[in-house]
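The following pair of complexes shares a single chain, subunit A, combined with subunit B in the former and subunit C in the latter.
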Partner chain A sequence: MTDKTRINLDRRQLVAGTAAVAATTTLGLPHIAKAADVVKIGLIHPVTGFLQFSGSQCRFGAQLAIEEINKTGGIKSMGGAMLEAVVGDAQSKAEVGAQEVTKMQEAGVAAIVGAYSSGISTATTQEAAKHGIPHVVDVGVSDKIVSRGLANTFRFGPGFGVIAKQGVASLIELNEAAGKPVKTVAIVHENSTPFGTGIAKLMTNGLKNAGFEIIETLGHPSPNRDFSNIVLKLKSANADLVIPSNYYNEYVLLARTMQRQRVEPKAIYSVLGGAASQYKFLKEFPEAAQYIMDCNHWFNPKNPKALEVRQATRDAGKFFNYEVFLAYTAVMFVADAMERAGSAERAKVTEALAGSTWDGHIMPYGPTKIENGQNTGARPLNTQIIGNEIEVIAPAEYATAKAAFPRPT
Partner chain B sequence: MKKNSTFWLFFAVLVVAALAAPLAIASTFWIDFLTLTLFLAVLGQGWNILGGYGGQFSFGHAVFFGTGAYLQVILQAKLGFNPWAAIPFAILGGIVIGAFTGFLSFRYGLRGSYFALITLAFAEAFRVLATSADAITDGGQGIYITLNQDPTKALATLQFGAGNGYYYCAVIITVISLLIAFWIENSRFGAQLVAIREDEDAAEAIGVNAFKVKMQAICLSGAITAFGGVFYAQKFLFMDPNIAYGPVKSVEMLVMPIIGGMGTIFGPLVGSFFLHTLGEVSKHAAHELVGDRPGLDLIVYGIALVLILALLPNGLVGLIRRLFRREVSRA
Partner chain C sequence: MYDPSIIAASIINGLMTGAIYSLVALGLTLIYGVLHIINFAHGSLLMLCMYGVWFLYAQAGIDPYLALPLVAAGAFCLGYGLQRSVIGKTSHGRDEIILLVTLGVSIIIENIALFAFTANERVVQVPYDIDGIDLGITFLVVPQIAAFVASLAITAALWLFIARTYTGKAIRAVAKERQGARLVGVNVDHIFAVSFGIGTACLGAAACLLAPTFPISPQIGYIFVLIAFTVVVLGGMGSFVGALIGGFIIGVTESLGGLFFGESLGKLGISLIFILILLFRPTGLFGQRM
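And now, the complex of A and B:
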């Protein structure tokens, strides 16, 4: 009986068996243990190509949030699970962004945050939907992103419909308070991506309805390295107000060309101006930046936590621009959902995001309510560059300074 | 005859390997990698017919890609076409634009760098047109095809979710493009096209109607490239003027056959496979060696490109042929 049940092992089998056990214990088990401790979050941004600056800023903001969550004990409802960033570079191309999603799928991410531009975000959210990965769009403002019925797609910040509406309303309010100095408007917008064209269209309709006369609408591609002709046209149009809507590099170049050619409208008022509320622009070209107004994503300047995050960003040698705090907030939004779900399972995270009422953020938003993936409480603020600071000028509850409108000569 | 049997052997091996690949590769990333590799090989083949076989270097082939892609999206999104019904119109669009640009260029004898520049200008003109024709293209906002999330309608909507559908579509269009290139190499039309590439005046002197042959080549090239545009539209369900007519696609299209081997059947496929693999390997290597340093992989990729261009004037297929001949002569 004993002989029949005895397992006969020769030397080779013994060695193989030992190796298998060793491999399981040294490689397999820690892997299983690690899987319970670490939750992967995919970060897809255009960190090379023409959107490199903004994409890198987004990546920094998202990583800052992950670092902070891990320092403060990780996802507590999951036994202090740590977050791990899996970074991807969209190379400023939509199809590369989509391909990065498949890489994230392989890496087993619980959620994706990205992808800065509307065009890339459209492709990444769609690809993520195929794999059931929850995807929070950090910056992309096109309203089409959240109107395609994708159950996995969320945006905590406002889309350009809301931003343009507030942009028009604030401008009317400012103009009326100052005795209506602005009657004619020129719009300069980028036309290579959904962002600039969409804003221009919404602003044109809103301002026409409010009685402003749009005397010039000038489109330009992104990237664009020469604004001489556009500024010459602005000069001849001589509009009271210029509304630029473009990405960072083009915005800076436009403002500097206007300064050089002495085009001095009564005000420069941007809606989602690429550089209009950017500390980098203020630091590098303070004269060209003076008195530029913007209706844009902005943090709550009266929230101490927001000021802490701003300081941490500055300590890291970075500019606290909208990309940073929007990506930071997007990651925090995902972390909050995981905390409430008590799980990193994609379906559960998606469900928690859809039902989120998160209020622990640093943004000046109303109560969080997610409708078709969009946070309906999200809204922009009006800022103006005055001296060495970017001040909030509206709405009054967040204002840190009074608007200089029309701009002093 | 021997040359043809070698082709069919390679072709059969490739087709069998391509069809079997999803059985061996479980990774969705690598299947997607192969899908995009084949897609760019098709675009490269479109360029190769005109540039490689015909010697007419186009710097603005995106004009065909963008037209095919835009027609595929617009017909579905604006006019409610079924995606299958939209395909012939999209390909026809590529042919019509080919005939239009070809007529304007070849009729007035534009050759060499002049032809290259005018094709670049056509692509840019179409980009501006797509941006301005807001009512048709939705301008810079881009235009979307409604996403199908019902797997049972995958074939009807030509949207395949996370499965291997797109991969098999890419295999099919690659096979079609390879067969067209094979036909060109073995046809009277192909011989005339190559004669024009070698010396247009001499070709005309022996009775080749250079204008007609170049027109046929640009129409065929436009059709294949527009077919590539159809694939892109169905895979990414979105099109905007920059993706459609921007210089990025034009450059990608000409780099594949230049690296792989211009005027060869497999050149664009070899070039696309090599460049994609190089891109991924350099990305992975850069990440492993120096950590998160965005752009370093692109520098490595760029250096490799320059070295290949400098050292392999006949591309990778030229190198393979040279090595093969050396082995045969040794044997």
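And now, the complex of A and C:
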């Protein structure tokens, strides 16, 4: 009976298969020919879950780039091939991000851009490597992402190590230029993830070596809804400088509580501060945000194209935060590689990304030079919220304003 | 050891927060006292009320404190309708079904909020956000003072309402003996819905007091409802005085715990109180029904 069933099924399959071949021959060919003019790019971001805001911002930035490329004639070396976004939602979970890569593989994407957080990006790059899909990480700062020897993995922006090093160096430079007004430091850091604790440790070591006195180090979980006690301790410690190292919501709440309790140190300085260089923070709490300094991802403010992209973002009702311009640039980086390769074949795109010398970007990185997947010219900038704008205060070649340090009382 | 002024400031902060905890717990304890159910939708309803406050503020420019009567009235209608048309009708008088229905309601409300408002936090920033009184040891801002005073006033008003009015008497009658109340002509279904409505109105008031301080997101209700459950267990299920005192105790415990043991470990104090009360005084400090 089993054999009989199998024979029946085989016959059915034969008929169905013949029909499918016929259909493909007659109807499918034009579709395949058309598909050659479209190159699919996978965009994986956490657009739901607790990282929803940042993930959505990333997706917007990436789609803005795709829209712009298509409007200006697509990939010219491929006969004006149009880019098509295949979007995936990592749901703020690394394992879901990895599953999305499998979907991207089935969809036949030429490359992937994603996936905002370090944790998700670590998982998506690894999964993409199995399928040989070139993957450009837009935001994830963990240096582990590009130190696992994955040939498909690239990061255009700077990593944690470079940012932290510059963060400490810039602070020392600022303090010396102002006559060393800061001698004592208090650090407030989140301790639920390696991010806050890691930054706190790097800052502590770097500043101690430079002669600063760390008089208070205060940890808190993420999320945290009350900073009253922490601010009481800060008030009591009366440090010259406060370094917050936490995510957006906690950063804002801490700044607001400090404002409410009249805790006014000579400066507030962050490295990768959750809200310190976010237009959303500036718009919602302009007074609490005043004079806060940050060492973070930032676009080249002297590049007219960057200002155009910022305007386009604002016109769309979005904030031009780091998520937007990093994801935008990551897609542009992939498109440039395809342009150079003249192909959307994964191996050729990977090769073109690895050998990229792209310099038409909006970031302050100079010509691209990739080593082990990392763009070695990538660097952060120092920003300060002054009035209604986030100004670049260092390094000098990108500065749009002079640092207000110590902050005016 | 900290300076006594820091400890005093921490206690004051704890009392301020505790007043809000009391108000949130008040609604929960009233609903339990009358309907004998634990309302799992309490946190979601608080969240919904907070979005209501934000909506009135963002769309119509209505100050959250001026919006209090409006939001509380709206919340009353919502709670009344919910009990009358959903919970009462689907429960068939069985407690376990009521629990599941309130849980289901909370899931639906949260997902609607997530769909409608996304996970982005919304803020209500009042112009007097940083105005207040300098006590020397700490600075009390208007939103803190308003929350403290209004919470006490609403608790007192509700107590008077329950003690002095006919509806209050009917609520007490239904809470004590629902069959007896029915026999003497009390419309028990109506009183159930009124109690649920008042409990939700307390959340509406709490939402107005919380909105200027706490960013609003679909998950905001969880933070307060877990504490409110602890307050109700500590104070005694169904006890108004218990909810008030319990709120202050939990507020101060949380604040001092954070000061002495850090923000992560400090929160253990609340859980510790919860466990100790369940072990040694399961009826709570004022363990009697209204």
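Methods note: the second predicted complex is superposed on the first by the 380 of 409 C-alpha atoms of A that agree within 3 Å, B and C clash if a C-alpha of one lies under 4 Å from a C-alpha of the other, contacts with A are read in each partner's own complex, and residues count from 1 in each chain.
In this text, a contact is a pair of C-beta atoms (placed from the backbone, for glycine too) under 8 Å apart; a residue touches a chain by one contact, two chains touch by 3 or more.
Here the structure is a predicted model, which is why all the values come from computation and not from measurement.
In the superposition on chain A, A:Y398 makes contact with neither subunit B nor subunit C. Contact with neither subunit B nor subunit C is seen for A:F60 once the two complexes are overlaid on the shared chain.
Residue contacts after overlaying the shared chain place A:N191 against subunit B and subunit C alike.
Once the two complexes are laid over each other on the shared chain, residue contacts for A:T48 go to subunit B and to subunit C alike. Shared-chain residue A:F325: touches no atom of subunit B or subunit C.
Considering which of subunit B and subunit C touches more of subunit A, the answer is B. Of the two partner chains placed around the shared chain by superposition, neither subunit B nor subunit C is touched by A:Y279. Once the two complexes are laid over each other on the shared chain, residue contacts for A:Q261 go to subunit C alone; subunit B is not touched. By the document's definition of touching, both partners, subunit B and subunit C, reach A:G219. Shared interface residues of subunit A (contacting subunit B in one complex, subunit C in the other): 48, 52, 56, 191, 219, 221. The touching residues of subunit B, counted against subunit A in their complex, run 27-29, 32-33, 36, 127, 131, 134, 139-142, 144, 146-147, 149, 161-162, 232, 235-238, 240-243, 246, 248, 283, 292, 294-295, 298.
Of all residues in subunit C, only 2-3, 6, 9-10, 13, 17, 118-121, 123, 125, 129-130, 132, 134, 138-139, 141, 214-215, 223, 254-255, 258-259, 262-264, 266 touch subunit A in the complex they form. Contact residues of subunit A toward subunit B in the complex are 47-48, 52, 56, 87, 89, 91, 93-95, 98-99, 102-103, 105-106, 119, 122-123, 126, 129-131, 142, 144, 148-150, 190-198, 201, 219, 221-222.
Considering their complex, residues 48-50, 52-53, 56, 191, 218-221, 224-226, 228-230, 232-233, 236, 249, 252-253, 256, 259-262, 284-285, 287 of subunit A touch subunit C.
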